[in-house]
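You will see chain A twice below: alongside chain B first, and alongside chain C after that.
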Partner chain A sequence: MSAFFFVVLAVLIITGALVTVIASNAVHAALGLVATLVALAMTYVTLDAHFLGAVQVIVYAGAIMVLFLFVIMLLDATRPVTAHNPVGFVNELAALGGAALAGALGLIALGWRDPRPLAEGAAALRNGTPGAVGETLLTRFVLPFEAVSVLLLVAVVGSIVLVKRPVSQPSAVPEAQPIESGERAGA
Partner chain B sequence: MVGTEWYIALSGVLFAIGMIGVMTRRTAVLIFLSVELMLNAANLALVAFARAWGDLTAQTAVFIVMTLAAAEVAIGLAIIVTIFRKRASTNVDDLAELKG
Partner chain C sequence: MPYWLADLLWVVVKGVALAFALLTTFAYMTLVERRLLARMQIRHGPNRVGPLGLLQPAADAIKSIFKEDFRVTAADKVVYTLAPIVAIACALTAFGAIPAGPANSFFGLNPWVYDLDIGLLAVLALTSMGVYGIFLGGWASGSKYPLLGGLRSSAQMISYELGMGLSVLGLLMLVGSTRLRDIVDWQGANGWLILFQLTGFALFIISSFAEVNRTPFDLPEAEQELVAGYLTEFNAIKWALFQMAEYVNMITASAIMSTLFFGGWRGPQFLDAIIPGISAWPFVWLILKIAAFLFLFIWVRATLPRLRYDQLMRFGWKLLLPAALLNTVVTAGYVAYAREGLRWPLFVIGALGLAALVVGSDRIRVLVNSPRTTGVTELAPPPSGRPLGGD
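Coming up: the complex of A and B.
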């Protein structure tokens, strides 16, 4: 039964990933990535990482993808995204290289033998509940945890500084929508 | 239970698909999406190995990687928006001032 779930989830993950890479509309690509991320969250649950499955849905499929979709809408969603590549044969090269990489990684991975019975390892994970992960996070890894919180703060401040418009810059207003005021019409 | 090797193989395939995306896409946002794909492939491998060894360290690492990804997306998309304002384009072939 778990093999059946794995095959279904793997098909979902790979289909979503292919849509992300191939779709000509950027919004479709982003939605393909959402499908991949949700299927990955379900895969995490089958791997006894329940907390990570929930975080994957909330942070990745929720927050990060909303940010991506906002930016895609803000920029140029309708333009063709794989238009005229300066290197003519890059698609064939990428497909060849990707197939070679996938084959090599797959062959290496299938040679892996589990160091101990899987049920034993899964039991040691205590289902990967928030309590179990949080205990590790706030005892052994408390310094990386604090460093990451500082990093998040820096990222938020940095992104605000990056996109903040200088106050006196009238040329930043798009020309298609001139700002009309009643005073000018009267003058 | 499905063996760890199948999860690692799936992670490898996902990573390769992400690499194809990085190579073929020409828009900065879509290259970024493909990088996210590769990041998630690495996360899947970590979670699978966490079960193989019965160690929660890898799951903690995945949690930290997710936070890093959130910070990276915030900064990266801010940079892309800034470039788009200046150039009205995010095609990576147009942004080639640094080439020799």
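Coming up: the complex of A and C.
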């Protein structure tokens, strides 16, 4: 049974990824990515990592991809790009990067060893319940966890700085006039 | 028949039965809503088809199904068809996690479709996928107003999802499990969770209204501004599917609120003295609680006007989210440091928090909504010198 589900989900994941790369309409490409992410979440669920699957759907498919689509629709970026490519060698660079990534993934897949016996690891995960995952995350991996949260904070502050319009200084307020706080001066 | 196949078969049967029940509820919900709204506005409402208008949903259904299903030329064909299906699929699937009774109480079957360790998270994940239906429907129509409605809805639902998730964190910390059955059992032993999470419930119900796009948060389909928002270019059965999704989401939200804060499928235990075992009857209590919340949804629709879009965003980000964070931190501190089993101070804290929000609402509204902080300049001074509404 699990082999059957794996094949179905793998086909879904690869189809979604191909649509993401090939589709000329940006919204269709983003939807292909959504399909990939959701199918990946289902794969996690078949591996008893329920929490990971739910988080994958909530964060990636439910939030990040919606924001992707939001930007695509807001900027009307659905039409295929026809303008001249200013960076002539980007295809070659992308091919090199893709080859390097594929090589690295191959190395990992072939050279991977269990950090501990599978039965022991599965027992520690306790069906991938949130409790077990949270415990591991906030004890053994607390430093990377907090580093990621700092990274996110930096990104938030950076985006606010980028979009903030310069505030014109209220120079016309005379010193003597008191400024009411909060409520607008009514009638 | 192998064991797993029988299991699978029963799950499918339960799922289909649940979908049927939800869609019937949707059909009659439309009638109840129209009749109740009419009553609240001192008019009659639909009362012509059948006795008391009881056959009105059937007439509507027949009309929707047999109406010509035409398609807009500028629409994106695949996505235009896919969008309503996604919306209704996510809405129907999410409800399956709700436990409606104790194990093996439904003719020897479990009265839920699926039961996961991550129950609540699964529901949140599925409802968060529901935004795609509205969003893609708005985009695929290839028209301006639907696009605006779709964009609004996605921004609104993403924003309030955060507040929604954060407002239940305190509750999850108290219970120590995300499994919906554990949450119900905890309440059976310790009392309804609304007692200990009053502020959390207030924030959760507000976010729920926003998540299901109901008044006062029905901006995605604001008819005075956007024709019908994302629904504008849809007709016949596709339009009906979107309506179904909205109402099923409402039913799911009601079920979630009953399960998380009002004891779920458990009835009041003092009734056990009169009829033994009545508090553990499956379905009855959950359906009663859901009905109460559905009435609240309709009542609010008849009472409150719609928020302006910028007010909605500021309310979500500047008030709801920080308040939910504060509730989480306070509950976490209490769980960490207070004596085990001592819970009444949580009620006091929650009540004080809620009272502070209500009493301070005028002050808070000025802080987040005044022209000075928002940069929104007024077009003309108010004619009578009276402050404009909302600010």
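The rule is simple: the second predicted complex is superposed on the first by the 118 of 187 C-alpha atoms of A that agree within 3 Å, B and C clash if a C-alpha of one lies under 4 Å from a C-alpha of the other, contacts with A are read in each partner's own complex, and residues count from 1 in each chain.
The rule we apply is simple: a residue touches a chain if its C-beta (ideal position, glycine included) is under 8 Å from a C-beta of that chain, and two chains touch if they have at least 3 such contacts.
Model, not experiment: these values are computed from the prediction.
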Practice task
Of the two partners chain B and chain C, indicate the one touching more residues belonging to chain A.
Solution key: B
Problem - Partner chain(s) touched by A:L152 [first = chain B, second = chain C, both, neither] - result: first
Exercise for the section: Look at A:D114 in the shared chain and tell me whether it touches chain B only, chain C only, both, or neither; answer first, second, both or neither. Expected result: first
Exercise for the section: Report for A:L47: first if it touches chain B alone, second if chain C alone, otherwise both or neither. Expected result: first
Practice task
Figure out whether A:L37 sits in contact with chain B (first) or chain C (second), or with both, or with neither.
Solution key: first
Exercise for the section: Name the contact category of A:V55: first (chain B only), second (chain C only), both, or neither. Expected result: both
Practice task
Could you say whether A:I14 touches chain B, chain C, both of them, or neither, answering first, second, both or neither?
Solution key: first
Practice task
Applying the touch criterion given at the start, work out whether A:V71 contacts chain B, chain C, both or neither, answering first, second, both or neither.
Solution key: first
Exercise for the section: Residue by residue on chain A, keep only those touching chain B in one complex and chain C in the other, then list them. Expected result: 51, 55, 63, 67, 74, 128
Fill in the blank from the handout: Per the touch rule, the chain B residues reaching chain A in their complex are 1-21, 23-27, 29-30, 32-34, 36-37, 40, 43-44, 47-48, 50-57, 59-60, 62-64, 66-75, 77-82, 84-85, 90, 93
Fill in the blank from the handout: The answer for chain A against chain B in the complex is residues 2-3, 6, 10, 13-14, 17-18, 20-21, 26, 29-30, 33, 36-37, 40, 43-44, 46-49, 51-52, 55-56, 59-60, 63-64, 67-68, 71-72, 74-76, 79, 81-83, 85-86, 90-91, 93-95, 97-99, 101-102, 104-106, 108-116, 118-126, 128, 132-133, 135-137, 140-141, 144-145, 148, 151-152, 154-156, 158-159, 162-163, 172
Fill in the blank from the handout: Within their complex, chain A touches chain C through residues 1, 25, 27-28, 31, 34, 38, 41, 50-51, 53-55, 57-58, 61-63, 66-67, 69-70, 73-74, 127-131, 182-184, 186-187
Practice task
Spell out the residues on chain C that touch chain A in their complex, using ranges where they run on.
Solution key: 4, 76, 78-79, 116-118, 121-122, 124-126, 128-129, 131-132, 135-136, 139, 147, 150-151, 154-155, 158, 161, 165, 176-178, 363, 366-367, 370-372, 384-387, 391
